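Each chain gets a letter, A, B, C, D, E, F, G and H, in the order it is written, and its residues are counted from 1.
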Amino acid sequence: MAPVDDSTLRQLLDDLVAGRTSADEVVARLSRLPFAEVDGASVDHHRALRQGMPEAVYGPGKMPEQCASIVGELLAHGTGPVLVTRVTPEQVKAVEAVAGPGLRRAGCLLYRAPGPARAGDVLVVTAGTSDSAVADECVLTLEAYGFSPRRLDDVGVAGLHRLLAHLDQVTSADAVVVIAGMEGALASVVGGLCAAPVIAVPTSTGYGASFAGATTVLAMLASCASGITVVGIDNGFGAACAVARMLR
Amino acid sequence: MAPVDDSTLRQLLDDLVAGRTSADEVVARLSRLPFAEVDGASVDHHRALRQGMPEAVYGPGKMPEQCASIVGELLAHGTGPVLVTRVTPEQVKAVEAVAGPGLRRAGCLLYRAPGPARAGDVLVVTAGTSDSAVADECVLTLEAYGFSPRRLDDVGVAGLHRLLAHLDQVTSADAVVVIAGMEGALASVVGGLCAAPVIAVPTSTGYGASFAGATTVLAMLASCASGITVVGIDNGFGAACAVARMLR
Amino acid sequence: MAPVDDSTLRQLLDDLVAGRTSADEVVARLSRLPFAEVDGASVDHHRALRQGMPEAVYGPGKMPEQCASIVGELLAHGTGPVLVTRVTPEQVKAVEAVAGPGLRRAGCLLYRAPGPARAGDVLVVTAGTSDSAVADECVLTLEAYGFSPRRLDDVGVAGLHRLLAHLDQVTSADAVVVIAGMEGALASVVGGLCAAPVIAVPTSTGYGASFAGATTVLAMLASCASGITVVGIDNGFGAACAVARMLR
Amino acid sequence: MAPVDDSTLRQLLDDLVAGRTSADEVVARLSRLPFAEVDGASVDHHRALRQGMPEAVYGPGKMPEQCASIVGELLAHGTGPVLVTRVTPEQVKAVEAVAGPGLRRAGCLLYRAPGPARAGDVLVVTAGTSDSAVADECVLTLEAYGFSPRRLDDVGVAGLHRLLAHLDQVTSADAVVVIAGMEGALASVVGGLCAAPVIAVPTSTGYGASFAGATTVLAMLASCASGITVVGIDNGFGAACAVARMLR
Amino acid sequence: MAPVDDSTLRQLLDDLVAGRTSADEVVARLSRLPFAEVDGASVDHHRALRQGMPEAVYGPGKMPEQCASIVGELLAHGTGPVLVTRVTPEQVKAVEAVAGPGLRRAGCLLYRAPGPARAGDVLVVTAGTSDSAVADECVLTLEAYGFSPRRLDDVGVAGLHRLLAHLDQVTSADAVVVIAGMEGALASVVGGLCAAPVIAVPTSTGYGASFAGATTVLAMLASCASGITVVGIDNGFGAACAVARMLR
Amino acid sequence: MAPVDDSTLRQLLDDLVAGRTSADEVVARLSRLPFAEVDGASVDHHRALRQGMPEAVYGPGKMPEQCASIVGELLAHGTGPVLVTRVTPEQVKAVEAVAGPGLRRAGCLLYRAPGPARAGDVLVVTAGTSDSAVADECVLTLEAYGFSPRRLDDVGVAGLHRLLAHLDQVTSADAVVVIAGMEGALASVVGGLCAAPVIAVPTSTGYGASFAGATTVLAMLASCASGITVVGIDNGFGAACAVARMLR
Amino acid sequence: MAPVDDSTLRQLLDDLVAGRTSADEVVARLSRLPFAEVDGASVDHHRALRQGMPEAVYGPGKMPEQCASIVGELLAHGTGPVLVTRVTPEQVKAVEAVAGPGLRRAGCLLYRAPGPARAGDVLVVTAGTSDSAVADECVLTLEAYGFSPRRLDDVGVAGLHRLLAHLDQVTSADAVVVIAGMEGALASVVGGLCAAPVIAVPTSTGYGASFAGATTVLAMLASCASGITVVGIDNGFGAACAVARMLR
Amino acid sequence: MAPVDDSTLRQLLDDLVAGRTSADEVVARLSRLPFAEVDGASVDHHRALRQGMPEAVYGPGKMPEQCASIVGELLAHGTGPVLVTRVTPEQVKAVEAVAGPGLRRAGCLLYRAPGPARAGDVLVVTAGTSDSAVADECVLTLEAYGFSPRRLDDVGVAGLHRLLAHLDQVTSADAVVVIAGMEGALASVVGGLCAAPVIAVPTSTGYGASFAGATTVLAMLASCASGITVVGIDNGFGAACAVARMLR
């Protein structure tokens, strides 16, 4: 039985009692409704319906045909944006053969991008130019959600004045995504400067002793600024989802 | 020079031009205003003013007299709640000698707790009874912020029905704090069940291969549920601060 | 809604259709049945009912009164053995005040131990005398399940003849639990000698470079013997549960 | 001297006493029987004979000619299935030049696959489509053992209803292999839902903070569900062998 | 507002009071002066001005056009050396298309290298020939700063006499950069032999158990020689910057 | 043979040729001069003579009588300060029984502290009050060297204005020691603000995910500010020695 | 069947053929001879007989009575030295109650120490006074083997002349045990100075970034000096055993 | 001054006194003799002279011309074998252009291999066929030293009888090199079976949880067999050097 809330269950049961449906039907509906099985994947329509999220497909490790089947299913049975992240050229080719040309940007493939519509002033900040790819993924995902994020690039703490020059943007945002590699200090500094939620994204682009982001993610978790939260390494998509949860 | 926003700076400069203040005065005010130096600590009034946060003092590593000086300073020059976390008996004694009896709960010492006043339905969920102490710290901090959090205890995923029985609480909350040790799977499950922000707090109480929370924190960061964010190990205070940022 | 199987759900729904129960009642029963909430814990009767397991309570991190409440609930509403593992003297005192004297052994407290009844020849092997405490916990848990395990102690691979002298016991067992610290080589050797399931339990008792079991657990996972499985460090209880799953 | 059991040894000694064999012959037989030395490898016929296992060859690191020699030896002196795992195209070419065309599937090369014959309802569950390759290796190995495993794909805990919709398959299986990357939470959830043995296989396909499976394997070992056991990262073959040990 | 020192701020304010500038102008200048925004990067003129450093661009992760834009900006608005480190052929091509031919050496691209002019006897020591590339980057950076460093190669501690033969160079230098992989013992030995600052640079070129420099960097930090300091793995550029800070 | 420089060696050899000493004598002197063997320790007079350092004894792991013997030897044959760091009460008692009362401060025992005499403006900065003990050890060691360090406490980056208010101190210092736990971001920020050498000292006092300083030390090594150098965890003594090397 | 060599087996078989023994007897002897089972331990007489080693008992984790039983068994059925390492006062008491007073030294308890008799010039070198306890255990074990080791203390590489002054001892030894914490550089230096076997023993006594010996052991394994071998952290006993293997 | 022993120094000094040499000459000779500087490398003749070792050059990280210069220098001024390990085709080409054709085997290039001449029965044992490359390097190095090692392949502990069949070889060897990946259990088993020195070589070829040899090296260091020593991962060359030190 599936994670439907009590009121939905009660409605189903009331329908059953009223003879509007049968017990077999109820069992069938509860088990079958929220997802579809295509080509070895269980496509989750439920999540998008419930959360207003775009449908998202994580590319790595999937066969091109699988990607195509999943995207086809999502486009056929939904109406919102569909996003494939970290997509390979082979996957793009297979998907576009099924679904027609999509928007290729930021290593992603996007269908049915909404115009900007969702309220909320989101600021995406990077510490260095090497963090751009992760920021691109984050921005595109935010746009798929309907946000119109602003962006502040290359303002790492080694040249603090670059950040401080844009202080008003930092303090006025409704949510700030801080994307940084190396020691990730920018997250702490931003966290101390503003009262909005700060989502820290460690990147794997550093060197010296950053160990592909392992140092960065731990440093961000150990941040001295209270109330900062952290997502996984290079996870620009996840940070955008976190923003969407916060600014519903 | 301090992180004041441009409009404040402009006001100061206008005052200067108008002869309402002197250049020396401006330099002095900018440098001195936002904090006070007492007993080897730089007490930050600024944060509380700007962010509506309670004043918080992290106990470990501070001399009892330092705690007392800092709390005294905070009570003298502010009007909101003052919270000392992970406080030792010696620190309690020193602080109370200066500030009078406070509320001792959850390993903390609290002064001027507000009545519940802040909107927002916050749910604090624990995976096991061993996670209680961290949850207690989180709940008390939330209360100091003016929230009236609800709590759902001992609903780890090994007995999934315990969580599902309270599904309506999970899906209706404005923010969910998930506190778990071991493999931290509860955060992923809750993240998949609701659309609100989920703040995952790894705890150090596990065994087997949880390595005092190191496994747990990494597992939560690698969660398969999109948009979950994570704070440091045992950091119930930090999770509460993150909630406060999100539900301003 | 809880993880009941389809036939149970269907029965409930049939009862509902037949008027033998109401929709409200069904929702209530589904949500409430499988566990009880006592003193901040959600006591899981369901697991024991479904799996024929003894009721088990992991001691560390629980308040003595919590232990007592949980054990009381388990004894009141079940009929099988109740086991508290890694129990402290304070917890023993609190539990026995509520539940009367239990069997104290192997760092545990056991109520209603069954006589040996369950089929299956289980062999518990240790590499050294330092691994005894973990083996004790495993053996007691197996006995609570109704097994009568045999035991082979101090047969680490540095003196291979000690193991080989008991080769017949190793090859004839239905399941072998191998408990070892240091490099854990005994698990690989036993795995190569027998065809039965081998559950490897790394212990934290080593020195040199075993890092409190971290090396051992990884070494066992990297074992060159096919089909060995591993549980967490010092987890004698978990190994016994794994055996119970395998020899149903 | 080899790990033969006492009764075999005794038989040999009785033959010696009865003059049916000589002391030299006994030494020779004991030393030579259970394996054959070909091309730098010691091919172990013994294991297959004793355990009813298919003969298995791990491909990586072996020269193509070595693979061919080993497979040739195994086919010449045994009658059961012969499986080469993670085989390269060069190895396939060399082996097939010696042994004729085999079955190429799941990154493996299989000779003399048995028809389904072995009792036992084995369920192979994956958390995501990225875990498919490991599941494929597991399924093929199970089939080489004579099992007819069922499969449940892409049912990770972020969309819990996908798993719960197939709850009956989970609860009725004789053994469940759970294959998951990221935080590996699916193993804990499945472990809480069924009473059969659960073998958890961490995969290296995650991102964020899964560190090529290191986080996943530790998280699975720290699982809050009792009696789960774990094999090495991506070790679908090993999980199948573990199942074969359990369902003899 | 930017990290200008008080006297600069005071001067600006005095200018304001005297009517030599306006409040809007002051805000504008403070925010805009120290850097320039080009092609997604915030080019920091400030650092070079303040610290006498060459302008440096870290190549990895930057698009070739970004490199070209940044170098162009730096050459247009400064007069000192401009250095691009760890530059790819594509980046070289793009930069030279904009800026004309530079000096290609040590994996870097350098414009406007100064003749040797800065006082200070700097010695760059390597433990093995595998450490040469890091030493080359360090030496080139030092030369861009105006130093004329000496170099001592392949004098690792396994053949101590090679170092001791050049003892006078070691003891007379004003600063010593020690570049070593493996266990990094050379840093400790040099630190014990001289009184000058010793900057240890761990390299990733070792094998055995050096884990791409992780062991080396920790070993150097744990050095038994007092007062040694360490920079990140392979960070020859950083070591040169550290020398420049020390020998101002 | 010992690390004497060539001129010393040449003098010895000249004396030998001139008949002013014998070959046996030369061998003896070269081997025996620079240190003394007392109570299982080799007391190194050489270092202090050559480097102008105070004699220093690291307390942990030494028997109280050993400490006393070493201090006695150092006081008897030298004239400069003698410092015992991280000294236990038992060690203090044993040393003072031999050497009379010393100055007890900062967990150290100091004899013959010099008056401030050495040029150089050294600033010791801490991120939080928990870093005080390490700063105390650093300051005392600097004083033993003859410096008069200034100190700036509790100016972590979460409240950036506290640091910026003292910007002139930061930019004017000849060397800055930055002592911080948690993510260590203060080192990067200070490194970006000043041109002087910055020595970063990670402390073990953090929580969340700082793992007793392991995260902090790696984060500091991965700092985005060029030319920062790092010493070991909690090594305030080592940072002071590094300053002494830099400001000779 | 046990690891006896072929000639022993052949002798047994010849005896059997000749009627000097029975098949049952042979099986019994082979299985039972090399060890004795006392109080949960399998006491290995075999090792001492075969290798000329002293009987050794590792204390930690053993119950005092177990220690006493094992030592009693060893003294009763052997004639060589018996050594209990890292023994607690409770264990000493229990053992001496059974076996009479032993020699208490270096954290060990020794019975029947041989006079010096074994050829071989063994040198035990420590880097610092903190390494003494490990050296003591090593020296006592060597003496139990019959060696008369020499010792060179506190000659770490930060004061290289201390080691070089004793260069003749280093170059003339038949085996050198190097005991060091911190970065363990002494092992590399000694390895470069002599041609004899060098056994490196990392100790857990360092600080800064030595992580209780983890850094040290990896650094020693990554040593740039060829042919050095390493034992586990603090394993002075193991190093002595390694020497005994080398100087048979 | 170099690590020459006292007698050499005394001879030089005696020559000086007798007028057979000058002080300048002594300084010059001491500094220059033991090595030669060619093409950025300090070629160490000293080691080979003193230790009877072949001259060895570690290939990785060296420019082809550097390799050629070093080998040329070694062949010109020595008479023993010269070995280049882990050599690339480019390095082979450059070296052979200078030095003529060498023996290419085991990833190495060897000049002037001696006929077998050195006493000592050395056994090189591998756990699996994947360990062959490391064993090849070890065997070739041993042959360059003049040993005639025997070899025992693919005798990992999962099929213990393969090892036991060759027990006489194991027990009679003068030194045993055990080369294994995965959990490295073979080293412990061999260590328990023989009294000779056992040098364990962890390999990086495992999978599951061996983390490129990191698990293996730690497991070998934590071995339960006393007196085993360990070298770095894949370091077949180092193991051969260790044997040469032990069997001088």
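We take it that contacts are C-beta pairs under 8 Å (C-beta built on N, C-alpha and C of every residue); 3 or more make two chains touch, one makes a residue touch a chain.
If you're wondering where the values come from, they're calculated on a predicted model, not measured in any experiment.
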Treat touching chains as neighbours and tell me the shortest step distance from subunit A to subunit G.
-> 2
Turning angle required so that subunit B lies on subunit F, C-alpha fit (0 to 180°, nearest 5) = 90
Matching B-D on over half of contact pairs, by residue number: which of B-F, E-G or A-E?
-> E-G
Can you give the whole-Å distance between the Cα centres of subunit A and subunit C?
-> 40
Taking each chain's mean CA coordinate, subunit E and subunit F are separated, in whole Å, by 25
Rounded to the nearest whole Å, what is the centre-to-centre distance of subunit D and subunit H, using the mean of the C-alpha atoms as each centre?
-> 37
Could you give the separation in Å between the centres of subunit C and subunit H, each centre being the mean of its C-alpha atoms?
-> 49
Residue ranges of subunit A touching at least 2 other chains are 1-4, 6, 31, 47, 128, 158-160, 164, 167, 192-193, 207-211, 217, 221-223, 226, 231-233, 238
Okay, in this complex, where on subunit G does subunit C touch?
-> 1-4, 30-32, 34-35, 40-42, 44, 46-47, 58, 60-63, 66, 214, 217, 231-235, 238
If you look only at subunit F, which of its residues touch subunit B in the complex?
-> 128-132, 153-155, 158-162, 164-167, 205, 207-211
Residues of subunit C touching subunit H in their complex?
-> 127-128, 156-160, 181-185, 188-189, 191-193, 206-211, 215-216, 218-226
As the complex stands, subunit A meets subunit B at residues 3, 5-7, 47, 50-53, 56, 164, 167-168, 171, 192-193, 195-199, 217, 221-223, 226-233, 237-238, 240-246, 248
